Every structure is written in structure tokens, then in C-alpha cells.
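Each structure below appears as C-alpha cells.
Two complexes follow with chain A in common, the first pairing it with chain B and the second with chain C.
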Partner chain A sequence: MSPTFRRYILTKLGWYLVALLAAVTLNFFLPRLVPGNPVDALMARFLQGGAGATAGKTYQAFITQFHLDRPLWGQFLAYLVNIFHGDLGQSFSLFPARVTTLIGQAIPWTIALQVPAIVLGWVLGNVLGALAAYKRGAFDRNLFVSALALSSIPYYALAIVLLYVFAVAVPVFPSAGGYSFGTVPQLSWPFLWDAFSHYLLPFLSLLVIAIGGQAVGMRSMAIYELGSDYVNYATSLGVSDRRVLGYVFRNAMLPQITGLALSLGTLVGGALITEIVFSYPGVGTLLFNAINSNDYPLIQGVTLIIIVAVLLANFLVDIAYGMIDPRIRAARSGER
Partner chain B sequence: MLTRTRFVRTALRSPRFNTSLAVVILVLGFAILGPILAGHDPNAVVGMMNTSPAHHPPLGTDNFGRDELTLLMYGTRNSLEIGAIAGLVAVLIGVLVGTVAGFYGGITEEALMGATNVLITIPAIVVLILLSVALGSRSAVTMGLIIGVTSWPWTARAVAAQTSSLRTREHIDIARLSGASGFGIIVRDIIPYILSYLGMAFTLQLATAVLTEAALSLLGLGPTNTISLGILLQWSLLWEAVRQGVWWTFIPPTFFLSIVSFGLLLLNSSLDEIYNPRLQGGGGSCA
Partner chain C sequence: MAKQGLHIRLVAVIIAAALAVAGSVAVAQTLPRNQTLYIGGHQWGPPTNFNPLSSSPAWPVGGSGQMGINGAGYIFETLFLSNIVDGSNAPALGKDMAWTTPTQLTVQLQPGTMWQDGQPLTSADVKFTFELGKDFAVSTSAVWDYLQSIDTPDAATVVFNLDPARPNPGVMERYVDTVYILPQHIWQAVADQGQQALLQYENFEPVGSGSFTVMRYNAEQIVLERNDNYWGKDLYGLPTPKYVVHPIFKSNDAGNLALQQGQVDWSQQFVPNVWSMEGVGTWLADEPYYIPGSIPMMLVNVQRKGLDNVLVRRALAYAINYPLIAQTAMSRYSEPAKSSLIIPSGVESQYFDANTVEQYGWTYDPAKAKDILENQLHAKKGSDGIYVLPDGTKLSFVAQTPYGWTDWMAALQVVSQSAKASGIDVTTNFPQAPVDINDVQTGNFDLALFYISGVGPDAPWARFRDMMDDRSVPAMGQNAFWDYNRYSNPAVSNLLDKAGAATTVAEKKAAYAELDKIFMQDVPGIPLMYRPLLFYEYNTSVWTNFPTAESPQGTSPQWYIDVLRDVKLK
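Entry: the complex of A and B
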């Protein structure tokens, strides 16, 4: 590793730590913008419901958990120390369940839904986009307009339409959940088949949107490359079309690879509403329930996970770029 | 730079531009004229609950017996209003940060762009969720503002790049030599040059903001006591309209959300083609 490259990585790392700190600060302070802390508001509701003596105990637990007896900056420091230890506190609505446990249960569902949709959508979208740029004409026009139409349909809207068409109007798929009510998650063929039938609709709704977005991006990249000087020069030298296309494809792929890594970063936060629409037991449904029950620790836990995933993906993209692109490695090492 | 007449001539020849403009104008007309022509309160109960369009034309009623068409008109109007506020706020902040950073350069640029880049990496949806949770009740204007203040960094970055390439142009040097202030140069000699870009940025921000509003509504963080396209969708999920097959309560808002964002994105990409002729058809030499 050259010293300039090491410096590049270290500067990047520094910037991402700043971003992480900024995000964590926002994560802590934004919900506390309102006067009167959330715990007080929550306890008022508890007491109205006549929880009595147990409420006092819960209140005490909250005070120690969030260090509410300290000033705000003291609470913030305690919060920082806690998340550094991987402790996101306990949920209000599912007290005394730990936030990390709840997120840990939900996140595999989300990953299983998102990663295949993102990767497959990326592959298919890029192939279609490159084909459209190369062929032009009617194929391009039709594909571009339909891809643009698909990528402008909000992903949750498509989810709602698919849910209605294939689970209600023509009920071929189950309409809610990650598996049938009353079954226990286990590694057996009947359960896997059941889970798969619940999986297909949310997965398809994400896949179709991903294809549309990627195709539009790849098409414009490839068209841009096809019109560039090196292509004109190579063609005028008599280099074969096939070979020129190889270069074009490779150059157009670079930003697309970034796009893939970045969309993998949004895998936690990118399909929240799909899960809500299908009542899929992932992070989105967890967040929705947390929002509806004013479960601040759980909301903040989920938002923190979303932030960390996005920052991590961005950081890895920057590192990969530093390794792939020698210009960045050499020239930009001191910049930013 | 394109002259105005050439712009109009190129634009009118582009079917993509014409289609998208027509779509946008139709939706705007529906949103602005609809509530005026409807003549009654969208919350008025006009029939039985969940009456199908066959029995209560043209779009049926919702879970409370309210007229879907009227709800849709008000919803579209409020969604566009939220989007327009958000778009304006985002473009204004973006222009302010971008031009100042791009024009002054040096330490100012480093600091402003550093902050912008940090904000770009923090996912906007997280800030939106946290802000909405903090503000217990949210009017349409509040929604527009919070969406706007979370979406300006992309515009700022692009404006900064364009401004710093303009900075070295001769007419800027002349303005500077004749004693114009930095602010005066930005307003008179830089902003007119990036006006076409700002228009495109606004259409993009507007489209994104309309969709963001809907996403927040579906998360349960939409505008309170306001009808919007997102709120209409949230209601139909909340009252299980989708699983009961009451399609007239969620297909129309879905259609309008899609057509708004499709129309605006198509408008944006056709403007892009008009300003950057390289993207126009038949450009590739290999093809």
C-alpha cells in the first residue's frame, strides 16, 4: 500500500467518522426537540390507564436506562458510550425486550428480501440498458419509456397493486406475513415452501422497480460513452464494433458498480414500506409498529442501523474506487 | 447557451417533451380546478361506506362514505403543494450554498462542501423520520419544509460545480474589475447562467418530494388532518381496503402518484436532452 493511498483511505475514514458522529448526534437530539421528554409523555399515558405501582417501577427503570437524572449532554454521552458497546437500550412498547434483539430478529427477513432483488435487478437492468443504448430505434424508445415508467412508479405503489391483483383479485399468493399464521419457522420443506409463497410478491415488487431504475441509468451512461472521442477515434481507426463495445461497456460499468454497492447500502432502509404493505416481518414492519406506539428507543435503534448500513456501503465504494481508479489514488489523495 | 427561440423550436419537436408537458398540465389542472369545481367539503359523507363506482359514480366512496373523486382532487392538490414547498426550499438552500461555495472557493468552499458531503451521506429518510417523530402534529406546510430541508444537498453540490466552472469566465472578471460585490455577481452574472439547470432541479425535487410525502404517510408520519395522496394510500392500508378488494380507494391515488412522478421525470429528462444535444437520438457512432 503506497503512502498516498493510505492517506486517501485515512482521509475518507475521517470523513465517514465525522458523518457517523453527525448522524448519531441527529439521531439523539432530533426526537428530543420537543419540550417534555418522551418518557414523561409515555408515563402520563400509562398512569391514565391506571397502571399504579408497577408504573412507578417502570418509570424508575426508564430513568436509569436513559440517565434522565443527568443533564442533556450527560444523557448524550451515556448514549454514545452505550451504542459504542452495542447497547441500543430496551423497547418501550415491548418492554423489557432489548432493541438489539428485536432488530436482530427482523433483519434477516429484510436482507433475504432485498439482497436478491437488488442484485438480480441490477444484472437484468444493466443488460437491458446497454442493449437499448446499442440498438437505439424502436427497441430503445419502448424500453426507455417503459423503464422510466417503471422506475417512476413508487415502489410501495407497485407493492400495493401487486398485493391487490395477485393476492386479492386473483388469490394465487398469500396476502400477508412472512409465513402462514400458526406455523413455526423451521428448516423443513413445507415451511420453506410456505415462506417462499409469501416471499414472491414482495420480492417481485422490489425486483421490477430495481430493473427499471438500473436500465435507465445504464442506458444514459452507455449512450454517453458511445458518443465520446475515444469511440470515434477507435471506429475511425477501423477497430471492430465488438471490441469498441467491450471498452464502452467496461467504462459505463464503473458508475454502475458504485450504484450496486450504494443500493446494497440502502438494503435496510430501502424497502421499509414494502414490508408494511405485505405485513412482512422485517425491519420496516418493526419500525412502523415502533412509530405507532411512540417507541423511541426502537425507532432510534432502527434509524441507527439504517445509517450505519448506508455509511458502510459508501465507505466501501470509496475504498474500491481508490483501488480501481489510479487517478483518484494519485491525484485526490490530499484533497477533501 | 441555447437561445429562447431555438429552445422552443427544439422543445416542440421533441415528442417526449410534449407528452410530459401535457401530463403535467393535466395533473395541475385537476389539482387546481378540481377542488374549486367540486364545490363541497372532501370530508362530507355522501353515501354508504365503500360503495363501488358502479353505485356511486364516478369513483365510489371510502370507508366513511366520503366521495373518492373529491378526496382525490384535494389529495393531489395538497401533495403537489407539499412538493412545491419542498422543491422551492431545497432549490433555494441549494443555490445559496452552491453559489457561495463555488464562487468564493478556498476555505469557504471546503467548509460548505464538506458539510454538504456529510449531509449527503446521511440518508434523508432517517432525518425525516426523526424530525416527523419529534413534531407531533404536522401541517402540509411543515411537511413541505421538513422535506425541503433534507433534500437540498444534491442541488447544492451540482450548483457549486457549475458555479466554480463559471467563476473563471471573462464576464465575471469584468464584473469583478468594475467593482461589483460578490453577492451582486452571484445574482446578476451567475444565477442567470444556471437558471435552466435550476428549473430542472426543481422538477426533480418536486417529483421526489411528492413521493417522499407518500412514503412518510405510509410509515404513519404523514401530514395531520390533511388529505394527501400518501394519506389516501395509508387509509386504504389502515382500513384493510386492499385486502377487502375495495380497489377504488387505492388504485386512483396510486395512479396519480405514478403519473405525477412519471410526468415530472420525463419532463426533466426531455429538458436534459434539449440542453445536452449529445443525449439526443442517433448520436452513437457504433449504432
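Entry: the complex of A and C
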């Protein structure tokens, strides 16, 4: 590794640490800026049957229980210390469950659903987009129009239509859940098959959208590249179509890689609608309900994961860029 | 080449291992459908504890708000079960209850009551459970605002002594009907560690006295298995299904679809147009399909400029189209709301006084609203069609309710439209639930659609208390837990105490009529619709014989264990 490259990485690393610190701080204070506090909503259960003096006592007991009576800076310090111990605290609305447990139950579903959909959608979308740009004509028109349509349909509408058509009108797929209710999750073919049949519909809905979006982006990038000098030069030399397409693909790829990294980073919070429409397990609804009940620890826990994932993805992209594209590295260190 | 050979061998080993695992459990362990009843609509997040004292216990210990009504008798049992149709207290752990004096309730336990681990369930357990609420701030604590002490003359008798200064038999009966009795031999050790430990206790393997035990649970479902050693199997019988499964859906729509497709047998959800769902039945065969259980109440902030004038409040009350709210927002599941704090049908109808309502109340009548605004208030319409009072106050208000409470939001939309048609500007605002609840508790609102006490042994007393009692209510800006708009009328407290202590229907009715009259004269709130306590709908494709209004006397559209004893396999 050259000294310039090492310096490049170290500078980047420094900036990312600053960004992480800022994000972690915002992560603590933003939920607390919302008016009201989590205890208000919890009190409903304790207020039946003409509760009198005890209501105030119970309210105070919860304020103490959640340490909301401590000064804000004290809570913040405790939060920082706990984060570094890997302790995200206890949920308020789902008391006394630990935030790490709640996220741990949900996140495998989110990753298993989203990573394949995003990656496969990215690959297929880019290949199709580049092909469309290169082939032009009817193939391009059909593909471009359908990709544009797919990427501009609101996702929830597409998901509901898929659900209606394939789970209600022609019920070939189950309508809800990660597996049949009343089934014990286990490692066996029948169970995996059952889980797969529940997986397919939400997966396809995500895949279709991902292909659409990527294809549109890749097509315009590729058209731009196709008009550039090196393509004209290569074509005039009689280089084969395949090879030219390969050049174009690699050059048009750079911004698409950033896109992939970003969508992989935000996938944790991204599947809310999929989860709600298909009643599929995952982190999205966990975050949504946490926000709906001012559940500070749970909000912080989920957003912390999103923050770390986004930063990490960007950092990796930066390193990859530094390696793929010498121009970036050179510009940074002042080399010409 | 050698390296490649290693790869192939490795793959072969992995495939062999996977096949071995798969082969050992060849059949997916799915519960037999003809022994399993699926329930929906009580639990909306991952189950985190089965501790009835905590703030968010999972179904069937908690779920959907109030305690003691979602799964009484499944794992934990109450002493009695309140019937919201005829107002009676049906026996459960308790055999009979009697008011020996107006402040002394004696409860006799059934013979042979036993915990699921075989230990006897005695009056000591009952006393222990209630006293947890005295020693700690938990979900049952509020009963000690009225209760003074508990005696246990023998193992099967419990005597509740009420505070003579605050006699209120109704409140006591509500707790006798809703408190889950806990085994002292398990919970004493937890209680000895104090308040924190008690609220933190997850109780993942609950030992109760009821007909079911927790078989397994995860973020997607809760599964119960029948307890065939139930102490009351000869007395009450056992539930028909061996397993009960509660799938945890992410949205109402998913739950409703499952009910329609027969994947859920029995559901507690708002189903739009339930009458059009084939094969699905409700408690009542016709409108309003459900028994009313609560009154979503539009609280009017009597401290706000404009709304501090009772005539403005009255004009607003006349301007609202109640039949349209019942028709659209409540999907015909409600009669048009009357101007009373008493629900006119069901068990409270014995207190409802149509004459008082006729004389002092209001109905949807835009002409009357116009008359009040123009002839009594001498308000003038501005160029935008909104009235302005002679002192320059424009009749422009904001009505709020939490985002996501869809039927409540729809009701406020109707309020907004019909008020505007009468020259009162009402805009809607739907903040997130915690924000809205904080606004309501601190009195920071113009108009707020909110919940107040529903039907139960202490109704409608608790509802009058929630709306009108200003005793021990903190000032605006601090959290109040009733009388959110800080309405105050000196005549109320005396009448409330009288109604609370009354022992005969006639006495109660007289006191409630007085209170209702004050409510209608002062308009501190406007009832918008009636809502069932819990929805009750069932699909008969697998299980039949769900109790309905047609069933013999004594049944009630509630989620008690006796429904599971009645159902039959189709």
C-alpha cells in the first residue's frame, strides 16, 4: 500500500469517526425533542376505575424506572457509556425487553429479505439498463418504459396489487407472515419450503422495484458513455460489441456502486411498507412502533444500526473508489 | 488438482449434513387445524412479558389496553367476570359475592381452586395479589384509592373493607372482575426484591390457575396449550380446542384478510363493512353489529378564548352531524351519539333518562346552531363564512386525535365539515399518539377526541368522574389523568360522591340524571359516537357455535374463556 493511499484512508477514517460521533449525539437528542414523554402513553393501562392519588404515584414510579428524572446530560453520558458496552438499554413500550433482543429477533428477517432483493435487483437492473442503452430500438423503448413505470409506481400500491392478485384473487401465495401460523420454526425441508412460499411475494415486490430503478439509472449513464470519444474510437477500430459494452459497463458503474452501498446501508429502515402490507417480520415495524410511542431506547437502537451501516457502506465505497479510480486518490493527495 | 478435490469433498460433507438434519425432522410441526383455534387482534408487537402488573403484558395476560378483559381465564383467572349485556358478575374463581354492609364486600371462593403447579389457591393468594397494589405502584394500585384493608377469615373467604370516607361499591366490583389473581408462592420472592424487580419480572413461564398454559411464543405468534388438569373442569368444563394461536399481524388489513380467508377464527379488530364478509358473524346479526362499550369524547377546552363561552360550545354541539359520523366513520357500528354521558343501550340503559336528554341536550340541528350564533351571541359572519363574536373572537378551532386511530380521525373530519357548514371553522390535527396524549393531559388543545371510561361495574360513574370531577386535578401544563380540560362546577363533587355510594338503581339514576343535566348545560365535552369495548367477529369455516345475542341469557360479547368452552368443531 502506497503512503498516499494510506494517508487517504486515514483521513477518510478520521472524518467518518467525526460523523459517527455527531450522528450518535443527534440520535440521542432528536427523539427527546418531540413533545411529550413515553410515560404519558403507558399510563392508559393504569388509569381505569377512577384512579385517584395513585395515578400520580404510578407516573412518578415510571419516570424513575426509565431514569427520566435524571438531568439530560446525565442520561446522555450513561447512553454513551452503555453504547460502548454494547448495551442499548431496555425498551419502554415493550418493557422490560432489551433493545438488543428485540432487534436481534427482527433483523435476520430484514436482511434475508432485503439483501438478496437489492443485490439481485442491482445486478439485473444494471445489465438490462446497459443492454437497453446499447441495443436501442424496440428493446430499449419497451424496457425503458416498463422500467420507468415500475420505478415510479408508489411502492405501497405495487405491494398491495401484488398481494391482492396473488394472495386473494388467485391465492397461490399466503397472505401474511414469515411462515404459517401454528408452525414451529425449525430446520427441515417442509418448514423451509413453507417459509420460502411466504418469502417469495414480498421478495418479488422489492426485486421488481429495484430492477426498475437501477435500469433507468444505468441506461442514462450508459447512453452518456456511449457518446464518448473512447467508444467512438474503439468502434472505428472495429473492436467487438461485447468488448465495447464491457468498457461502457465499467465506466457507467461507478455512480451505481455508490447507489448500491447506500441502499444496502439504509435497508434496515427501508422495508416498513413491505412488512406492513405482507405482515412480514422485520425491523421496520419495530422502528415505526417505537417512534409512535416515544420509545427512546428502541428508536436509538434501530437508528444506531442504520447510522453505522450507512457510514460503513460509504467508507467501503470510498476505499473501493480509491482503489478502482486512481483519479480520486490523486486529487486528494494533490498529485497530478 | 488436489485443491479442487478438497473443495468437492467439503461440499459433499455439507450437503450430507444438511440432508441428515432435514431427514431427522421430515414433517413440519404444524398444529392440527381441527384442534387449534386462531385468535386475532389483541397483540400487536413482540410479546415481552406475561406479567399482569407490568405496563405492557402480552396477550392473553394483557393486550389492547385495559386489564382483565382480553383473556380472563386463559392463564390467570379473575374472581368474577363482568357481563356487559346484563351487568351481572359471573362466577370464576369466586363462587359468590355479597355486600354485607355498604363498605364491606365478602367473596366466597369456589371449592378446590388450584394452581397449575398443583398448589392450592386460597384466600391468602387473593389478599397477596391485591396488596401488591398497595405496596407498589403497579397496574392494580388504583383500587387502593377506595380500598382500606382485606381480611381472610378462612382459606376460602375474602373480605374487602372499603374506605368509609369514599364508599364506592362499583369501583370495587370492577377490580374484583378484572384483577388476575397471582400465586403467592411464586410472586412473594419477586415482590421481596421491590418495585423495580416486580415491573422487570418477565414471567415467561407463567403459572396461573386457568385453562391454558403458554406453549411457546415469538415475535410472530403466541401459542397456548390446554391445561387438562384445570381445577374447574367438572364445574365449568374444558375448552374445546387443544391449542389457541394468536398470530401477531403488522396491520389491521392483514388480520382482516386472515379472518376473511378463515385463517383466523375469532377476531377483535375494526373490520370495515363486516356484514359484507362472507362466512363471518358478529355478536348482533344486524346493525350496529356490536354492543356499545365506550364513548369517544370530543373534549372541549373550556379555558380557551371563544370556547369559554357556553353558547359557543352549544352552537358547536348542534352543528355536528352525528348520524353521518355513525354512518361513515363508525361504518354503521354505532347509533348516532346522544348528548349524554350514559350509553343509551346495553347495561347502562337502566340509567339513561330520555327526558333529561330531550330537555337539556342537543342533536344535529344546523338551524338551531345558526339561531344561537346570530340571535343569542350576535356573532357576524366574516367574508370567509366564519362567525366572529362581537368582541372580535373568530370562531376558529383545532380538533386533534392521534394519527392512526382511523375511525377517530374520520369522525373529526366529519366534525370539521359540518361545523364549517354552520360557520364554525374546525381544522383537524393528527399528531403522533404520545404527542397528542401529552397535549390532552396538560390541557394544551382546543378540541380533542379522546377516550374516557367504558362500560363496567362502575359505569357510568367513572365516566362522569373522568369528565367532570376537578378534585386533585393539577393546573394546566401539568399532567392530569382525568378532567383534562380543567372543567369545574361546584355542584358536581357532592353529586358524584352520592352516585358512587348509592346502592340502589333508583338512587343512582336520580344522581346520574342531575349530573347528566349539568353536563348538557355546561357542554365540557361532546360525545361523537359509540364504540364496542372489544370487537367480536368470527369465521365459522372450522369452528362454530360462537355465542351471539341469540344465545341463552348470561353470555356476553367478551373474550372470556367460556366462549372457548362453547365452540364446536364444524
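Keep in mind that, in the parts below, the second predicted complex is superposed on the first by the 282 of 336 C-alpha atoms of A that agree within 3 Å, B and C clash if a C-alpha of one lies under 4 Å from a C-alpha of the other, contacts with A are read in each partner's own complex, and residues count from 1 in each chain.
Just so we're on the same page, contacts are C-beta pairs under 8 Å (C-beta built on N, C-alpha and C of every residue); 3 or more make two chains touch, one makes a residue touch a chain.
This one's a predicted model, so the numbers in the text were calculated from it and none came from an experiment.
When the two structures are aligned on the shared chain, A:235 is found in touch with chain B, with no touch to chain C.
Once the two complexes are laid over each other on the shared chain, residue contacts for A:299 go to chain B alone; chain C is not touched. Of the two partner chains placed by the overlay, neither chain B nor chain C lies in contact with A:170. Once chain A of one complex is fitted onto chain A of the other, the partner contacts of A:276 extend to both chain B and chain C. Touch criterion not met for A:138: it reaches neither chain B nor chain C. In the superposed model, A:105 makes contact with chain C only, not with chain B.
Contacts of A:285 after superposition on the shared chain: chain C is touched, whereas chain B is not.
Once chain A of one complex is fitted onto chain A of the other, the partner contacts of A:244 are limited to chain B, with no touch recorded for chain C. When the two complexes are laid over each other on chain A, chain A has residues 34, 167-168, 175-176, 276-277, 291-292, 294 in contact with both chain B and chain C. Here chain B touches chain A in the complex through residues 114, 117-119, 121-123, 125-127, 129-131, 133-136, 207, 211, 214-215, 218-221, 233, 236-237, 242-245, 247, 250-251, 254, 257-258, 261-262, 265-266, 269, 278-279, 281-287, going by the rule given at the top. Against chain A, in their complex, chain C makes its touches with residues 21-22, 24-31, 33, 36, 38, 44-46, 48-49, 54-56, 62, 65-67, 136-139, 141-146, 168, 171, 174-175, 178, 195-196, 199-202, 216, 218-221, 223, 243, 245, 247, 249-251, 253-254, 257-258, 261, 263, 404, 432-435, 437-439, 441, 451, 453, 456, 458, 461-462, 465, 472, 479, 481-482. Touching chain C in their complex are the following residues of chain A: 34-38, 40-62, 65, 91, 93-97, 102, 105-106, 167-168, 171, 175-191, 194, 275-281, 285-286, 289, 291-294.
Interface residues of chain A, counted against chain B in their complex, comprise 15-16, 18-19, 22-23, 26-27, 30-34, 133-136, 140, 145, 148-149, 151-154, 156-157, 160-161, 163-164, 167-169, 175-176, 220, 223-224, 226-227, 231-232, 235, 241, 244-245, 248, 266, 269, 272-273, 276-277, 287-288, 291-292, 294, 296, 299-300, 303, 306-307, 310-311, 314, 336.
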